[in-house]
Structures are given as C-alpha cells and as structure tokens.
C-alpha cells in the first residue's frame, strides 16, 4: 500500500498516568507505544494467541524523545511504522501527535522469540508476519 | 572523588512490576532509572523541595538497552553517572546489574526547568548542582 | 432518565496491565474504576478543568471484589452508578462484566474538595453536579 | 509470639507514584500492600518459588480507607497482620503510618490456589503456612 495513510492508534490520557508535575510520566509513553504495537497486530489480524506464544516479543531496545508534554484528558494519536528488520529482530517507529502538534517520537526493537517450557528463546523473524504488519501500517 | 566507586541504588523487583511473560515489563526500567536518579539527589543532599520546584526535571530523551530480563524477587543494582552536560540539560547514564551480570544500560536526558505559575520553563543548568551530583556519583 | 440503561465504559486489557500470574494485576482494577468515573464526568458534560480544580476528587475509601480474572486482550464493560451521597462525599458503584459474565464489583467514595494554594480542603457536595452525574448514569 | 511487635515494611514514595493532585495515586496503595505481603513471606522464610507456584495468591477482595495522603519522598511504614482464615482463603490487615500519623488502613483477602497446566484452582489453606506467617507477623 504505497499510498497508504499509515496506521494510527488513538488514545486519551488517564488521570493515573499523570505525575505531580501535572504531566504524563515519562515512563508511560513506553506503555503507550506497546498499546499502539498491539493495535497494529490486531489490525494485521494477528491474534492474541500469537502474541502470547511469543512471550510478548521481548524488547532489545526502546527509546523516546519528548517534545511537548501530554496532560490529563488530552486526546492524542500514535502513528506506527515498521522500521529496520534484521534476521531475529525488527523495529517499530512511533510518532505521537496531539491535534497537529508533535508530542514526541519513539521506537521499540523487539526480538522474535518463542516460549517453550516457560523460557523464551530467539527465533528467525517470520517473513509473513512482517508483510502483514507492514500492510496494516500502510507501508 | 576521582577514585570513587560510584553511586549504586539497590532494588528488589515487586510482583506488580512483572507481566504475563513472567519478566519485568520493559516500561518499568524507566521508573527504576528515575528512582536511582532521586537516590543520587538524596546522596548529594539535594532536597525533595528542590526537586519539587524544578517540576521533576522534565525529560528530553530516555532510552534503555535490555540484555537479561529481571524477574520477581530479583535483587539488582543500578549504577548512576552524570554524563554530558549542556547549557540547559544534562544526562544520566545507568548500568543495571544483578549479581555480576549485566541486566541492561539506560539513559535519561533531563532539562533544567523552573516551575512558575504552574508552568515549566527551561533555565540554565546550575553548575553547583552538577558539582554536587558528580561528587555523590564518585566522579 | 428513569428508564435509562445506565452508563457503561468500554475498555480492552493492555499487556502492561497483566502480571506474571497471567492475569490483570489486582491494583489495576482501581485505575479502571477511575477511568470509568472520568468517562461518566465527560458524559455529564463536566469539564476537565472542573476535575482539575477539585484536585481529582480525593478518595476516602475504595474496594473491589474479584470474581473472574481479566486477561490480556479481553474487552470488558464497566457500569457506573452514583451511590450514597453525604454532605461532603459520595459513592460510585462499579460493575465489571466481560460478555455477560461478572468480572467483579467495586466502589469508590470520593470527597468533594477544592484546591487552593496547592492544598486540598473538603467542601460541600455541589448538588447540581450530583444531578448531572446521576442523569448521565441513567438514574 | 504473643508479645511481638508485629511486622513492618518500610517504604519511600517514588515520584512515579504521584499524580497531578500532588499525592500518591489511590491505586498505588494496593501495590504497597502487596509489597508488604511479600516482605512478610520473606520474613516467614517462604520462598519466591512457593509464591510462584501459587500463582501469586489471587485476590478475592481488597480495600483501603484513606486518612492522610502520602507525598513524594515520604517515608512510611506498613504494619501487616494475618486476619480471618477460612478453609480456602485468608485475610491480611495493613496499617499505614508516617511517623506516628495514620495514613490509612487496608486489607487483602487472598485465596489459596495452585497453578497447574497454566490455570489456577483453589486449594485448602496450608495450615503450616499460616503458622509461619503469623509467627513472622508477631501474632
């Protein structure tokens, strides 16, 4: 879908996500990114069961650059794209906006894993899964 | 303290910090980093009041590289160092270990701010504060 | 609205809300109750500003009875009703269901307060507010 | 230990546990209660493995009465006692104080369970465990 609009997850800030500085706590943006990731999985018709058997896709790396704080009640949008794909990991890139304003940018690098006997081990990235996620992301 | 051992914050993993994959949720490491930051502030004899008037030092950027997962009940150590200092921001570098094993590395870039009339605005980094934080960090 | 259907807040369980037992952590239901409370406020056309000036309605008491656990990805409904109203406090009653199954029941007793000079103090319950909340709740 | 002083868990409030009202979010007290519960387990020499095989002791009911808010940096104490024991569940009672001041009281009723094949089912309360928990609680 080369002309796609991309995938957007819509969210409103909950009271419990603010801190005493009156803004959303910086750690909460990482939960928001994961919510957007899972919304993309649903859009790609990848089921909850598939997420469970992967152990929740353990993270190799994650980061966020904060531009404008979010506050209680704010409605914001999280755009998601699939970034660099390696043999056993791939990257999500997230863009947070409120109205037209940039809230910040973040990323998650997840490793493909399988849960067997209660332990996770890395496996090759399933190519079909990437195709479906990119499709859902309008890439 | 050029020969200092550095500053270490000790912590145990709480049950509520785990997720259904059986490991600490990746967003929780950002709360751990902030706890270590504030422990360093206390070690530097910078008071809670000073933290409050700064609005909690809004974050410009934060990231974490995950090496080995933490699990419920694990006792781990967070080493803290002051990294790059610019005119209005400075960086903390964090090293997480459990026993001798590396759990991961992270960073926070905080902007120096002042809270007036309920709003934050950026101010120059107070040099004396950096001296005291570096002293407490054994740098 | 004597024949009203009542007010329902719809929610999906996020991954970060689960714990290593594979179910939603018991503390998270209290965040869910607050989300449903604020959704009712919005339905009653009470603005975010009004919520802010009240200091978030400090809680006097809160409780939850757990019947069936929620799991990652579950879609559930939170019914809200206004319960007992005293001079300075009032109670919300919550019923959580998933499909037709009862997940649990909870309550919050909130005190009416005003934030002045950074401190909260109790005030009489504004009767008009109760009328509007009950209207939104279909009572 | 009829003349025991009881068991106390000591804690400091983290920044991320506050909300925009400037106080600890009401849901966080439930995480504090669980931390005190697990500290009591450790004091009773009940191992983490035992906690894991029980699925984290699913909660039947939990509640808290709030007297005085906790704020960032506050050091507080959580006293724990074992309350009513039934065939398949038992109750913890918690008293939160800061200095000599009462912060609030809470409780958790936990069901004794066993995790087999990924699912929890209720089992009879092991009497020896109750004896050990009461011993650690100075009852």
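Quick notes on this structure:
Should a chain be cited, it is by its letter among A, B, C and D, assigned in written order, with residues numbered from 1 in that chain.
Keep this in mind: a residue touches a chain if its C-beta (ideal position, glycine included) is under 8 Å from a C-beta of that chain, and two chains touch if they have at least 3 such contacts.
Since the model is a prediction, treat every value here as computed from it, not as a measurement.
In a homomeric contact, the two copies may use the same or different surfaces; for chain A and chain B, over half of the interface residue numbers are shared, pointing to the same surface. The most distant chain from chain B is C, comparing centres defined as mean Cα coordinates. Look at where the CA atoms of chain A average out and do the same for chain D: the two points lie 34 Å apart. If you average the CA atoms of chain C and of chain D, the two centres end up 24 Å from each other. Centre-to-centre spacing of chain B and chain D amounts to 28 Å, using the average Cα coordinate of each chain. Of all residues in chain D, those touching 2 or more other chains are 15-16, 19-23, 27, 31, 34, 52, 56, 72, listed in ascending order.
Of all residues in chain A, only 15-16, 18-23, 25, 27, 71-72 touch chain D in the complex they form.
Residues of chain A that touch chain B in their complex: 19-23, 26-28, 30-31, 34, 52, 55-56, 58-66, 69, 108, 115, 118, 120. On the side of chain C, the complex with chain A involves touching residues 14-16, 31, 34-35, 38, 48, 51-52, 56, 72-73.
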